[in-house]
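You will see chain A twice below: alongside chain B first, and alongside chain C after that.
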Partner chain A sequence: MTADEIRGHIDPIRDQFAEGRSLILPALKFAQTEKGYLDGADLEAVGEAVGLTTAYVESVATFYDRLYLQPTGRRVISVCINLSCMLRGCDELLSHLTGRLGLPSDGGSTDDGAFTVQQAQCLGYCDRAPCLQVDVGETQGPMSLDDADALIEALRAAPTPDRLWR
Partner chain B sequence: MPQRHIVYLHREHPGDMAQLPEYVKAGGYNGLMKALADMEPDDVLYQLHRSGVRGRGGAGFPMGRKASFLPKDSPRPAYVVCNADESEPGTFKDREIMEFNPFQLLEGIVLAGYAIGSNHGYIYIRGEYEHQARVLDRAIAQAYEGGYLGSGLLRSRFDFDITLYRGAGAYICGEETGLLDSLEGKRGQPRLKPPFPAVAGLYASPTLINNVETLTTVPVIVAKGADWYATLGTEKSTGTKVFSVSGHVMKPGNYEIVMGDTSLRELLYDICGGFRPGHDFKACWIGGSSVPVLTAEHVDTRLDYESCETAGTYLGSAGCIVMDDSGCIVRSSLRLAHFYRHESCGKCTPCREGTMWMEKVLQRIVDGEGRMEDLELLESIMGRISGRVLCALADGAVAPIESALRLFRDDFVHAVEHGSPAREPMAPMGA
Partner chain C sequence: MSDYAPVNLSAPDQIEFELNRRRLAAPAGTMLVDAAYAHGVEVPVFCYEPRLGGPIGACRMCLVHVEGMRGLQTACSTQVQPDMVVRSDTDEVRDAHDGVLELLLANHPLDCPVCDKGGECPLQDRTFKFGPGKTQFVEHKRHFPKPLDLSSLIALDRERCITCFRCVRFSQEVAEDGHLIMRERGGDSEIATFTGDHYTGRFTGNVIDLCPVGALTSVPYRFVARPWDIKNTPSVCGHCPVGCNLELTEHEGHVARVTGRPNPNYSVEEGWLCDKARFAYPEDRAPDRVRQPLIRDAAATREVAIEEAVEAAALLLGRDGPHAFLLGPGATVEEGFLAQELASGPCRGALVAQLGLGDAPALAGLRAAPAAQLDDIDRADLVVLVGGDPANQQPVVELRIRKAVRGGGRLVSAGPRRHPLSGLGPSYITPPGRLLDGVRAAGPAFRAARRPLVLWDEADLAHEPAAAAELAGLLGATRGARQLELGADVNGAGLSALGIPGAADLVAALEQGTITTLLTIHAQPAESAGAARWAEALGRVGAVVALASHGGGIADSAAVVLPAATHREQEGVYVSMAKRAQRLRPGAAPPGGAAPGWELLIALAHRLGAAPAYRSPAATFAAAAAARPALAGLSYDVIGELGALLHAAPPATTNGAVGGGGADGTGLPLVTTLRIFGDAAAHRSDALSGVRQGAEVVLGAGEAERRGLAGAAQVRLQSPHGACTLPLRVDPRCPDGAVHATLGVPGAGVERLLAVDRSPVRVEVTAA
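Let's turn to the complex of A and B:
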């Protein structure tokens, strides 16, 4: 994504912050929506738009789980693996999903670029455990294995979103 | 004991409280109107102080005292920051408050701003709560349109703006100084304190930072009065509290109860429907995962700050994770150790290295490769972490595991001898 496109996103909110550096997370999150992850050129463009070095931008980007510096699938499925979900069978849910998609048991991305499955820490839907989140959509649960199968079919049939919010 | 939806959840209200007209119809913004018409900022501060309300994010620090630490003569602007980074395992109360009662939170932030002489508030919401962030976006827009935010709000001379800021996935950004660094565009690592945020918080300015639930309390305290509020609960635990209950109970969910009114037993068996047939209570982490575990011996503990401390734990965020006798305490401890290792920000060596070793040792015990001396090794590692770090994450990592090792020693010994490979089955139960 170009620095100008990023500026178009952050300029309207610039005056809400006493220091421009606060715009780095909104900028990174927006820059990521183009490909679903950030490459070196994106980090450079964010730095240019916010007024920071690329090295600094990268140091911030590597801190957060939901900023990706490696390619992801078109849809990212985050399966909560924390304690409340573990007690309700999330390990079985995760291994079912990864098994069905032919991925390593702890997650990964499919060869066709359709899906990334990853482990997530507590998503805050423990009352609906085991739960999972697709991209930044509302977290879903409790998920049965049949629900997981139906979800994969529905996502395969759905068009790729215009912007890949993660 | 009944639940009492009188401060936060308002489930009995027939309308959609996430719409401004419904919120106003339900008595919303009475507190702000009263404050702007009849109260000086110090009067509001006094009411918060007098109410005894304690921080609902986990630390339980009295809100009025925290607000009173802000210097009155600072040349820099003061800020209100709402911590909506709810990430403590087992905690999902702020999610429901923001989704179904967002205006009460916004009103609370404005009132807090009025009390401390601030004109700008920030809500830092975890990136995973995009659904709730969109609810707040709409609520903030409606509040501006209705004159409940902006310059000269409610035709007064008071100006107040709220900015919603989305995080990007990091537990440590729920630690207040980690949150402030993240909001300032840095890696979200905790700061050395002092200075505390009250003196040098956001952009080195005086900052009042409170949890969603805490700030949502403020309109009720101002509208109905601190004296009314303080009649609820106990002397040291005033008001109601939302308990997020999850794990092996039949009816997990958020339950608002008057503090001190209810015991853990009543919460688990009467309110949450108890356990599956053939199973019973084994353990619970009552204040989120970062607190010492409780056993069946503690099931009559009253649900308030001081009773939890007497039982050897903390009320924390009241994210109550419950395990029945089908669960394995060693595997549960490993799962928590994995979490803290993953979320340690890396700034302090004892935490970064210690949480890694805790996970490694627990992993080999679960895998059946443990040695009896691993139990002492675990204790030794944990003893080298606590008190040697900048923030509470490491203490949170040690508390549940140190207590489990002490209270369920036989389970750990058994795991060293036999491992604990069995995976928890899918456990569909309850609503």
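Let's turn to the complex of A and C:
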């Protein structure tokens, strides 16, 4: 994505932030909607648009789990692995999902580019554990193993979103 | 490194507080860690480093108990308050220190026996002093492939990092190069550069000093020595006239490392060094080092004993004169004074001159204005930079200017070249000879300023008397305005204080063929300004005696070569551009048969039958101070560890750059530039081989187009004094109306284009 496109997104919201530096997150999130991940050129474009060095942009991008510096599958499934979910069976949920998609037990991306499964820190749905989230959609739970199977089928049938908000 | 900020316990308005049941006082605004340290109580820190800006409280090492406050407080980010009651010795605090150290060590490897930092490591020392002694962790520690080359100068061992952020803050907030970052988060955090590029810059080595663990280490010093097998000596840098205070590490008889001083000189370098100061030391053992005395005649060159060489030199200088003594910019005050003593004694009538700029009359008005020291830059609300390129020529000044601008000061610059600081404020680029326009453009800024500070470049202003006079007028008319000279020659101020003039008369005398013997002292005339004329003139002298540390140039043709110590190997005094006399102390003995210059010159005086009444550098300096009013009141004791200011002005001499004339020759005016890693020292040091810079010619895009040179790879420059051929770079940002060429690069020959007094020239540029 080019610096101009990013400016087009952040200029209207610039006055909502006390510090110009704070625009780095909305800029990174927007830049990621193009390909679903950020490459070096994207980081440089964000740096140019926000007025920070590329190195600094990279330090921020690597801090956040939901900013991807490698290609992901078309849909990203984040399975919560924090305390409540762990007590309610997230290990089984995660291994069921990864097993079904033929992925390593701690997550990864499918060869056909359809899915990425990753671990997530608390998603705030402790009362409905175990939970998971698809892209940045509504968190879902409690998820039984059957629910997980149904979710995969539904996602396979669904069209790919035109903007990849992750 | 310094770790704690200096605290002035005798300042007025002290605040009283209580620490560990003692009633103490410190100035308002002092941080608790600093106040405690000033009173002899060490509160351990890792991330705290006052020179990097405000505290960040990242490492949690400095927890103390403050009565009335909930939980323990970080002493690095808590200011002393009236009647505050602080305890750093309770069980609760000790428990916290144990816990924090245990966490910092959770991933830190126990490889201290093979770690370069081991033995001089704050983490090791503070674990020993404040730590728990054993750990509850049984988990595996982090492992990485090691080491990672952060650059050709710095190695990174990621598993040793305790994520204190000191190096990142230095890169982001002091050098402002923005290269270093912390990647990832929590237990995965690691220091990196963008996409793994090398960490490049002018000040990168400071992160080695800053690192409180062995994560960032020096590549040239890696695995060279253990801390108990070295000796550290405080000395002064001899690569530019800033005079940064530093420490020399001796190992197995030679200087094996250069670092900032543990107690920085806050009036000079504030503990920061440029990479040339830090990594040029391998030049002391370069292949072209002169290790043995040489006698050269038509038949052969012989290595001889030092007595024989001094005898031969005395024979040449004992002939009927007149003789001439030429001092290089790096000669010490003692060497200069001994040359003068020879000229007033056994070699009566000898000409004594320095290769440097000397005392330019055009600059007298500026030098008479109230003078500033480097730390005054921090506090200036307006910095006016006239001429020069401090980032490359007086590097540490760049950090001071950046600090002033970060603190809200304004920078206005005017001069003939664009440089790394041009972007920090309004910048007026003027063609050579028209600097007056730039000074006038910067003039209005003075009116709004309360503490303006003018940094002016000696070499640029020496030939711009109108600009110098205008600037002196502005300084005189502005209350509170002060000036600081950006000097051209390492010890130019010291040699001028002795009254040693520039070399115009000396070169003329050489040309007339009247000089019997020329003695050069750390001087390379044929590689200095006016190189072509020097080469011609040197052909007409009877004999040359060269006192030199390295071969090449005059040492390859002199009849007698006396092998001399470098500035890292001898005692002496340098006077910085801020007129601060500072002591060189030998970090190691010179190699082979080499000896300090002062010793060789005293030996020569003995052989010439005029034994001086002193036989040590301290006594030589005392004699110089007694004889020269500009050095009055100074002695080695007075200079001490941190230096002392010269109070009297140097005597006026002739033969400095006169200035005022138009540029010689036809074609485009020549603007010379210097590059930090582009001088002989940087080219000799193998440590700097990865960053050393060559010479080039730079033209603006319009100028190159007009002259049909846009596609030329090499161009020939021809001035009335000489010619040279260099690679051409066309830079759209380079101002038109001048041609820029790199001075000082060995073998490049830009010096041939210049006159001996470095007066302005025009050059014809043609494709080569």
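Basically, the second predicted complex is superposed on the first by the 166 of 166 C-alpha atoms of A that agree within 3 Å, B and C clash if a C-alpha of one lies under 4 Å from a C-alpha of the other, contacts with A are read in each partner's own complex, and residues count from 1 in each chain.
Here is the rule we go by: a residue touches a chain if its C-beta (ideal position, glycine included) is under 8 Å from a C-beta of that chain, and two chains touch if they have at least 3 such contacts.
Keep in mind that this is a model prediction, so the values were computed, not measured.
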| item | value |
| --- | --- |
| Combined model on chain A: chain C and chain B, fit or clash | clash |
| Partner chain(s) touched by A:Ala55 [first = chain B, second = chain C, both, neither] | second |
| Partner chain(s) touched by A:Gly40 [first = chain B, second = chain C, both, neither] | second |
| Which of chain B and chain C A:Phe63 touches, first, second, both or neither | both |
| Partner chain(s) touched by A:Leu145 [first = chain B, second = chain C, both, neither] | first |
| Chain A: partner with more touched residues, chain B or chain C | B |
| Chain B versus chain C as contact partner of A:Leu123, first or second or both or neither | first |
| Doubly contacted residues of chain A, that is, touched by chain B and again by chain C | 52, 59, 63-64 |
| Sites on chain A touched by chain B in the complex | 13, 16-26, 28-29, 50, 52, 59-60, 63-67, 78, 81-84, 86-89, 91-93, 120-130, 133, 136-139, 142, 144-145, 165 |
| Complex interface listing, chain A residues touching chain C | 40, 43, 52-56, 58-59, 62-64 |
| Footprint of chain A on chain C - complex, ascending | 168, 172, 178-185, 192-195 |
| Chain B residues within the chain A interface of the complex | 77, 86-92, 94-95, 126-131, 161, 163, 165-171, 182-188, 202-203, 205, 244-248, 252-254, 285, 289, 319, 321, 323, 327, 331-332, 335-336, 339, 342-343, 345, 423-428 |
